[in-house]
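Before any comments, here is the structure.
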Amino acid sequence: MAGSTWGTLLTMTTWGESHGKGLGVVVDGCPAGLPLCEEDIQKYLDRRKPGQSRFTTKRQEGDEVEILSGVFQGLTAGTPISMIVRNTDQRSHDYDEIKELYRPGHADYTFDAKYGFRDYRGGGRSSGRETIGRVAAGAVAARLLESLGVRVTAYTRSIGDIRISPEHFDLEERFANRVCMPDAQAAVRAEAYLEQLMARGDSAGGVAECVIDGLPAGIGEPVFEKLDARLAHAIMSVGAVKGVEIGDGFSAAESSGSVNNDGFAKSAQGVVAKTSNHAGGILGGISDGSRVVVRAAFKPTPSISSAQRTVNRRGEEVEICIKGRHDPIIVPRAVVVVEAMAAFTTADLLLQSMSSRLEGVQRFFGLSAE
Amino acid sequence: MAGSTWGTLLTMTTWGESHGKGLGVVVDGCPAGLPLCEEDIQKYLDRRKPGQSRFTTKRQEGDEVEILSGVFQGLTAGTPISMIVRNTDQRSHDYDEIKELYRPGHADYTFDAKYGFRDYRGGGRSSGRETIGRVAAGAVAARLLESLGVRVTAYTRSIGDIRISPEHFDLEERFANRVCMPDAQAAVRAEAYLEQLMARGDSAGGVAECVIDGLPAGIGEPVFEKLDARLAHAIMSVGAVKGVEIGDGFSAAESSGSVNNDGFAKSAQGVVAKTSNHAGGILGGISDGSRVVVRAAFKPTPSISSAQRTVNRRGEEVEICIKGRHDPIIVPRAVVVVEAMAAFTTADLLLQSMSSRLEGVQRFFGLSAE
Amino acid sequence: MAGSTWGTLLTMTTWGESHGKGLGVVVDGCPAGLPLCEEDIQKYLDRRKPGQSRFTTKRQEGDEVEILSGVFQGLTAGTPISMIVRNTDQRSHDYDEIKELYRPGHADYTFDAKYGFRDYRGGGRSSGRETIGRVAAGAVAARLLESLGVRVTAYTRSIGDIRISPEHFDLEERFANRVCMPDAQAAVRAEAYLEQLMARGDSAGGVAECVIDGLPAGIGEPVFEKLDARLAHAIMSVGAVKGVEIGDGFSAAESSGSVNNDGFAKSAQGVVAKTSNHAGGILGGISDGSRVVVRAAFKPTPSISSAQRTVNRRGEEVEICIKGRHDPIIVPRAVVVVEAMAAFTTADLLLQSMSSRLEGVQRFFGLSAE
Amino acid sequence: MAGSTWGTLLTMTTWGESHGKGLGVVVDGCPAGLPLCEEDIQKYLDRRKPGQSRFTTKRQEGDEVEILSGVFQGLTAGTPISMIVRNTDQRSHDYDEIKELYRPGHADYTFDAKYGFRDYRGGGRSSGRETIGRVAAGAVAARLLESLGVRVTAYTRSIGDIRISPEHFDLEERFANRVCMPDAQAAVRAEAYLEQLMARGDSAGGVAECVIDGLPAGIGEPVFEKLDARLAHAIMSVGAVKGVEIGDGFSAAESSGSVNNDGFAKSAQGVVAKTSNHAGGILGGISDGSRVVVRAAFKPTPSISSAQRTVNRRGEEVEICIKGRHDPIIVPRAVVVVEAMAAFTTADLLLQSMSSRLEGVQRFFGLSAE
């Protein structure tokens, strides 16, 4: 693949640059018969929209999605679902300064190294706006999963070293504060921390956490297409993500087997269940029926207003002061992107799992076992 | 894909179960003309072989590789390279106990949930022996990268909370101790820690670190096939890995932009270079010409001898005591697996990058720009 | 893949229904630096546009293409090229009759069987308009090939049993008649034949021929990704195609080895050349440096105005008379589709061939052989 | 892909050269629980084995298959099925002559052009022995299809211009004559024709026909992954195939719509059925529930004993007389290869079709429609 398509049975192909005509995605392989309308997509897109709080950029994009194909009479038709968001803010900013410079922490230099030149307007393809297609596709996947009893939820787990606390966890709270934290107290502290950083022209990193509930056991393929491996790929492919972990993740590396192993027991419903979930719902790359937990570490926003040393395209060393208003933290707006990528990847593997057993295939086609 | 193939232009397809007839791999897409012999592969396989120290299982497998195809007159022929390692230790162990049980931390339950039954002998396909194919394929990729000036190296970074120190870093030391640590002092402490755990029938986790040197800038595709995303996928697909990070990784989430951003400067050789490497050699998913750094968190060995609670296939709760000798730590033997997966993935993306620019394609085919 | 993406390094993902909001394509993997504008695409689309002659439907679509992404300052940027053609003729035709019927020779029944329902407006996804995306993508590939000295040309070879003759072959003539035949005399006869068929409410089939000139030897992968196998896949995937052949094709099956084998000789330029081209430029799935020749058999247009027997969705047997004006022959408008698919597929394999030899890879990266 | 892997959910990866250590295949994605043993594979391999009649080469290979993985207790385990056939006839023939020559009709020149050198022993990777892996994989697919009520059958349809006749069609007869024709009279004539050709050191081409019975309607993906397109790819990828057609194929191009369209009617069982099958069981790329018919044109065996003109690697023109005994016709032994490729491709698309409708996915996971 040339890098803009993700998935095997359920695929998304994204396109678009920050300041081009628009951005979009083609979702292919969605089963026919799923109720879907633009509002289903829009509510996801609205969650990543800028201009929502003091900590997000002021670009006033409507980011209104249009479904161009694949839906007929309110239902997915089995054919590709093409969605587009037109860029409305294409006014020619003053890019004269940055078009010749390599902004630290950005992909300016690597795009030039790879392609020989780049669309320097707002980051081009490497802009955060690239995630619009991902989120629109993820909204379709989330709708599909919902119809199968699976729910994917993401939120901010930490900003800098301020972490949500299990005692104060309240999922609904994540929509009530500007940092998307499901913990009102942590949110207050995080907001104060961000204020400080902004005051000195600096930025923060953080961690997003995503949980998947209702996923049956048996999803994910052994070896290379493990559920966790695919989730890691999907989420690490989001700009600014520098780490991904499942369950206890890096903490597991400091644990011991007697602590980290999750015991099995018979649940109240008489089915096999784990007595703890250090594994984050995945064993051997396959879902085990408990909650899937995945986390993504985001680096601090690279666009900061304080002066930085860099070079220009001619290799001359210069100082750069990035102008304009930039989010001091990426995580709150990226939470929905993580959710989208997790939902899409899970839905794809869920569909793939239908052919795991001959008995299931025979049953599907109305045959009994031979 | 059905999950046992990895790569786009350069692919590996692995097969085999722990106690079946053998394990192997088919490597496809390796450029023709690379000198390759069984010794090139064997030296990688020997690094993952059990029975090498007190901390590794005593199974005395020769694990001798045979190249079945794809090499002619000492050179790769452009055709698939099929490699096989025969299992010599197929004697029927006493699996009566575990075949009906779900071992905590293993994939027994999830394989049953997925496929309806499983090859319970030594873990079957979910055994650590599954990595034999990966390592053999990685050895080919490493040879290919070497011929292109790229070198991939992995080692143990930490065991439990014992971490190597930059001051004592000595790469050669990793072959001199039993924990594959490039730091003699940390190795001594780690070995003592493992002894303690073994004494009480427990096990440890740890972190492997892998560095890639000599990789040109421009490798990796934007969006879904980013170099870091592919590395995360490749390495998370290794059994027992619960987290992957690039560069500063999860620490970056606690840093600030002014610290985490790497400045650009003109190097002594007159080329663009970074003044630090928090990014781990990747910006926007594309290599930036500096060292690529990736880390993998391994959970503690799930097979421990102390008693654990679990259920059997009938859902009855039972106690399990895993017999036999098991490594108290996975990392030292897995280091070469991480190296193999990183090498293979990097080589694949390196080949893909050849078509990034029209100018390069025209030059390749002996044409000048239009 | 879910079926709407084609290619490996160079990919196209098409979307759209006949009477939805529009149709389009995302081309990914095109090397950066190729001059490209909407006019380059439009001239290909214009060749498949209806309403151009008495033998084509009167639907007056402008079919104007808009490039939405991937081109910056007149050059491809290496990022996905998204293109859209808005449907302007969305007025609600009277579909009441056909929406409940299965038109013979169409995909109405099979779409219902697969998806449970279908977009019955103008054939939905199975309409000939689905090829708009293919042609737009093919135009990009043709532009890319042109910059590499490769030229793809298709034309009508036969309509019914009226075939072009080598003696009267004149490539430019194909644009001068309404049946796209590079033979003025055959065109006259074919037109008369079509008039007869139209008069009695019937339709004709025909054969398109496509030649690829300037392709270097060595393109195509042995075994499953042979150049001819990929071309067969690409072209058979065009609606109404029922057969594909390379070189002498089905005639070769009636030939003998002494006749069918092409000898090798030293050309005037001192390079290896074949003395005949029964093979159609491909040996063992790999281009041999001579002209590639591929042909596609198209069935007669299934929409005919004479009465036909069929059933409706309730399984009741009914008579159907398809109203409206339909092309009595598919081939003349499909010629550009065959050309597009051949160009795209060839370009993809051309890029893939860059990694066939280590020597070429080393040279590309500025290294000499080890 | 690098060209040696075929399929999406069900994949085969083949490897091996004619005179290397062996040939084999890895089949991945086969549902767990299918009864499978070496005898199931061997009976398919025996059908392509040389040395069975006067018209096949005398190489006395046992071609005995060994299943190395993926089968446990007589059932497929869901994991990759690796199969190997060791080459027993590795004695060093005298290749001194041909190793420097380009045999007409063979891939000698194109392999050299692509890779810079080639394994010249018996054709290396481009040998007909390459099909061993395909046939072994096809045998698994055929077994899978059989358990789902689908049967794939291939036979020789014509040799030269001698064609089987519908009146004398007797499927069992194909195993009773040396040319695999299901028509005893045509077989007698074909055998006489082949004797003549052999007497003058020449060879013949022919056509294989393959039918698929019992395939439900709805299999195949619209656009690029049409059932017919995938079949065309699969079968054109077999060495020596120069054309593929579905149903009436190239004849349809000479037909008219009123004749070629298949009417729909209500069958005796009350289901939708076609009143004829010009379409060969596929409409819009999707199976329509009637018999699928596909044909492959094979060129004459290129190895002939009469003198031919060619060049050597240094570009010098020479005469070549190919020694040894070669089949004067490829088709009879290739019939099982066509059957294998058709079975594998159909099985893959059958599994993919399980996710076409949400209703089917919900039912599979035990949910009723929302």
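Note that the chains take the letters A, B, C and D in the order they are written out, and that residue 1 is the start of every chain.
Just so it is clear, contacts are C-beta pairs under 8 Å (C-beta built on N, C-alpha and C of every residue); 3 or more make two chains touch, one makes a residue touch a chain.
Predicted, not measured: the structure shown is a model, and the values here were computed from it.
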Separation of chain C from chain A in steps, with touching chains one step apart: 1
Of all other chains, the one whose Cα centre sits farthest from chain D: A
For chain A paired with chain D, centre-to-centre distance based on mean C-alpha positions, whole Å: 44
Rounded Å distance, chain A centre to chain B centre (Cα mean): 25
Between chain B and chain D, centroid-to-centroid distance (C-alpha), Å: 37
Residue list for chain C, restricted to those that touch at least two other chains: 1-5, 8-10, 14, 29, 32-33, 78-79, 111, 114-116, 125, 216, 222, 356-357, 359
Chain A residues within the chain D interface of the complex: 8-10, 29, 31-35, 76, 78-79, 144, 147-149, 216, 222, 351-352, 354-365, 367, 370
Of chain B, residues touching chain A in the complex: 1-6, 8, 14, 102, 104-107, 109-111, 113-116, 125-126, 130, 158, 160-161, 197, 201-207, 216-226, 228-234, 236-237, 239, 241-250, 252-266, 270-272, 275, 278-280, 282-289, 297-304, 306, 308-311, 315-317, 353, 356-357, 359
Touch list for chain A against partner chain C, complex: 1-5, 7-11, 13-17, 20-24, 26, 28-29, 32-33, 66-70, 72-73, 75, 77-82, 84, 111, 114-119, 124-125
